């Protein structure tokens, strides 16, 4: 569908929010807790904040939770009986306050989970999620969406995108049918489109390179020492992967409790030293340099090759969260200059 | 519903308390059925993680018992254990885990009657505290819907 | 700091060491670790109050070990970690040159680890008064409040293990949390998995933690997990007269005194 | 200038003024300023600890608390009985926090247990001994019997001062000023002070044996560091003489007086004229 | 997949009266992996055991749970039965339905439910059991005995007479120890040397005993059955293979004023000397510290007069290595030194002596040839005061214990004195008389009643000299604490027995523990009095605590029998319930990171270090390694190991974890 533009008054925003809530949907929106802001289930707009560049963690957990059940089982003398995951328990969810970079992350996630076979649980979650984006008026030095195909006002990935105007009112862009459905909850709040230019209300993020440049350089310098050098500081934690909107590596575990149990899927990270360790003790990605290269290659080379989508949206979360200051933008700029 | 019957697990050393509990038996001293004994070579062997496992598996109370100081079959396993418990208890208490549910004791091979008393008093204490549902709720990931950040 | 740089350059030039591990200015105005391999690069070394990452963590890192013999810029926290690591046989005196730095960045020479140990005697490794207040505040809550407090606190944890990765004492190649025969601790970052992980972490650091707060600094969610280790430190001091890191054999929990407290034992 | 707190106690302001005078004179010579604890009270010796435990702790505790209040970290207590009571109190209260709180309540003053208590010998050892040699003008070339009495060294586990059965510190110190300590048998024997009011005849007997042995061993002077010892050996000499059925005129000096003489401090300043048995040195 | 058999025992009616055993067996049959479950009247009976053996074969069982009585009773029985049926014995576990269930509960549903739970827990455990084989440790059948006093002599002879080799190391030039210094022995008053010297000679001549005198242990490594000892032979400066022991050298030696150790300082000896006439070996050594040649570079008179030419001034200390399978420590004791008693004037007054010195005065071979003459002027003392508990039982002196032998030897001394000086008067100040032992109290009574020794119950406060007399001031507590003064001619102190100087150092070399008084610590105060906590190292005599001759000899024979028992087996067979450090494929090798914090946690010093090397011999990794010979299987290291790299066989992490996890009822 073509994008429809409306004006939503500043005061109308909380009414819209309440209407969504009243419709029975779960709303997850950015909440400030201590010094980090993250998505959490909320009851009213007052509980949320709009003072954030990005949330500490991405919004991906709405569709790819950090722990999720795949199926249950019951053991008996006669064997094991499987109990399918009850998809009806997945709620209709509205993700409110998603930044354009974050919204762009759902596409690569979807590409991974539905690459060969359809991941029903993931797809159901995604289908029941409506993304209400808010364009960026602020950016910081870790942001580089414009270098990886995005921009602070990009509509890609969002179902509905709000851009705050100079007077505090919002430009609402309805991008998908799901967005339309939100509008339908309170059509009276959606007024005629404003005249003010969207662009003048957006943050400026300077473009440093293109994804294609990175892809080419990374592939060309696969054997270079640059990976090793960049990874010297890295302390092998999983923070970057866990805050990333597109990182989709997971581990499968069975958790038993007497005769009952469940198979669960949980986040994992290619940065962990045990990630590729074989039972034999051999580890094909033995050093942190190789693991770091894998992370970059996967996002900039393997994914576009296999899934025709790049795995980085330039949100800069990994750089902000890294305890050892492994700054992705800085590193990509080094690579591009090779 | 019947009165709450607490589940108690006892981690005991082979040489003193297990033998002491044997003596309780040979002396035909009765005690509550709630307790189940797990035999270890020495209190020094008892991993603190096993206590957590016992709680997560549904125990409402735990008894840890071994040789009196200086009586350890291995000379000092109980001393090591005691130090570990001091720290562990403090940590659990700090984190809001109810240490009243963990009874530490020294029961020698000659203290059959003491063993029965320890079991009975622990059962009573835990019965009053009620089921440890706070912990079991956290542990029961089968019923907890997936959590996400 | 000039003397530190000078010494670092000398060491590199004379090939007494192959790499100098120190702090340099990183991105976003934050200091970060630097691995200087050429004498010409020593000017990038810095030291200020923001240098909180415990560089000793790199001494156990295979990739850094491969660079050759290191020298390390060592403020108090790093010095403590070095002594604790040495007492746990993880580093040897002849494999490392320590460039001690005072809080104002002055070079402190150490002939050997014993000299570091001696130097550290003047600095009490205590939980400071403000932190003690926090410990007491938590302790004075009711049992239910404490349980709720830590459940909420730990619910934030998604097990990225940055705390572990940033800790100089978490050098094990395979952490107990990754042992799966048996699976002691659930891998998942659910409530039980998080609770057990953090209990175990605190216990394993009891008597070993150097109170550097690197774990807390590293936590992307700012969880106050360092207060668990601080409690252990405080207990160790109060219960067992533990005075801090030392080269002497044995560890708080691998040693005992016959008169340790036992009023809780029936 | 070294500044030390000073607790004279009752004896040093009365019967043994010369002890106080000689301590002060000696300290002056070594540039030590003794600052009296303001508003000090009785230490409780020797009766309080037999009557009321709390009282026996509260009295010394108040003295120590006052010292703390006045910023003193170290006090010198010349009287052996006072030294003993103060030390015992410090030890007892430092070992029992509850009791310390209780006593603080009684004296209506906080007592932290931070003050270090020195007897005269310890004070001399710490601040004087090293500089002694340079200042000697008149070596005390006499045979002396050093008498320690009971309170200065006992109970050993609390005071931790010298060898309890055969103390040596005064002997060693006097050697430094030229004296020759005799080897005698009554260094720590009881002088009978506890009976000096109730059964004075016993004092004559007990002190008499002490004095006699000193004389028999060739001592020309007895040296003490306790007002009670001094009172019994000096003031009660008539009783001693009548018990011994002879006349013994060996003088009894405070250790500070002997050191003072060696340094050339005037006899008057040292209070030598105050003794009952004349001092002829 | 496990195939578990469950065998529920009725124990006559002991179990079945309160537990519904059929129900238990039925419930167990429903457990995962349980393929066979039965109940039976008496499982431990022959038919019961046969039942198990048959089931193992028929059902191809991989694990067995016997639900019966305490494993402390019948675990070996059932493990043996399983082994006989071809199932490794360690695949059998017992659960205690009798002592821990039927005997302590009434017959209720809960009791049966508990029994089912107990069975479930052990079924889960046994699934994780691993077949184990007993550990066989080779044994070097030579014993090292350290210290050649009566304890060492007796131990050596007993072991040697069992046909095993013994190396006896003595630090002095002669064996004999304190016993050789004694005059007569209580309670029989037979001559000490008369009974001792034949034994000393026997030691020297025994074909199985290698006697190394004037030597000390330098180091000990290894473990039970397999120790390596380094022994430092101090230079004797005399070639004993050439020396005939003629005595010309010490007759001519000009340094004659050296206090004789043997005579406890009361007599003197020369620089080249044998300690006493009956010494074994009866050949001299040169005491370098007192020899004119060694100290001043001139003399060599002994060399000149030595006809066989045995003097070797250039001899140096020599280290010899020996492989031994067991060590017995028999280093004896010492008595407190002069500075201990300023109040008694010991060291100040010549006539205040220790009990050991009195022994020498009373001994026919002593400096006075057995006449009691006081050291200062060699006069016969007319009044002697004996002070018992001189140091012992005196917390103020830091010795809280009773030295045990003093009451008896003091009575003996007083008696000997009265026998030798008929006109003399003797007094004994004592706290209590401790004369427990065969004919001991009678002996003391004899001293009091027949020999008229004055026993005064009270302590002595001080001893001082006056007009040539020793004034002993004390109190008689049986006379209302009446002060007493005795003008004595001689005072004998029953000085406290203390540990030997150097015992701490020796204990550390041996890795055995010692108590606060530095006496060696026995493994168990009641049941293992001659063992130490290090397997293969035993104790005898006063190095463990002061004790008298009969007790020492008894203990020595006890230690010898322990050594003989150890040596009587071809190999040491030990239960494999010990700790092991895991090993994994390279490049990991083990999850052990080599922090060695387990080293201090281990009560047995069983944790050693193992270096993993690459082909070029470079060390890649250093791991902990549990010494199978030393580990006793307490598992303290297991609970302590952060990486779970050490596990204990039989109570492994997986076993205990499974047992706990099986607690849940669903």
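Which chain is which? They are A, B, C, D and E, in the order written, and residues in each are numbered from 1.
Criterion: contacts are C-beta pairs under 8 Å (C-beta built on N, C-alpha and C of every residue); 3 or more make two chains touch, one makes a residue touch a chain.
Quantities reported herein were computed from a predicted structural model and do not represent experimental measurements.
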Chain D and chain B - chains in contact with each: E
Chain whose Cα mean lies nearest the overall Cα mean: C
Which of B-E and D-E has more C-beta contact pairs: B-E
Of all other chains, the one whose Cα centre sits farthest from chain A: D
Cα-centroid distance, chain B relative to chain E, in whole angstrom: 36
Chain centre separation in whole Å, for chain C relative to chain B (CA means): 33
Approximate Å spacing (C-alpha centroids) for the pair chain A, chain E: 70
Contacts with two or more other chains, residues of chain B listed in rising order: 48, 53, 57, 76, 80, 84, 141, 146-147, 149
Sequence positions of chain C contacting 2 or more other chains: 156, 158, 174, 184, 186, 188, 190, 253-255
Junction residues of chain E, two or more chains touched: 588, 601, 640, 653, 657, 664-665
Chain B to chain E touching residues, read off their complex: 5, 7, 9, 14, 18-19, 21-26, 28-31, 33, 36-42, 44-48, 50, 53-54, 57-59, 72-77, 80-81, 84, 116
Sites on chain C touched by chain E in the complex: 88-90, 171-176, 179, 181-182, 184, 204, 249-251, 253-255
Interfacial residue positions of chain C with respect to chain A in the complex: 26-28, 30, 32-33, 35, 53, 57, 61-64, 156, 158-162, 164-166, 174, 178, 186-190, 193, 217-222
Complex contacts: residues of chain C adjacent to chain B: 135, 138-139, 141, 143-151, 155-156, 158, 184-186, 188, 190-192, 195-196, 199-200, 202-203, 206, 228, 231-232, 235-236, 239-240, 252-258, 260-262, 264-266
Residue ranges of chain E in contact with chain B within the complex: 70-73, 96, 98-101, 103-106, 108, 110-111, 113-114, 117-118, 121, 513, 523, 533, 577, 601, 603-604, 632-636, 638-640, 648, 650-651, 653, 656-657, 659-661, 663-665
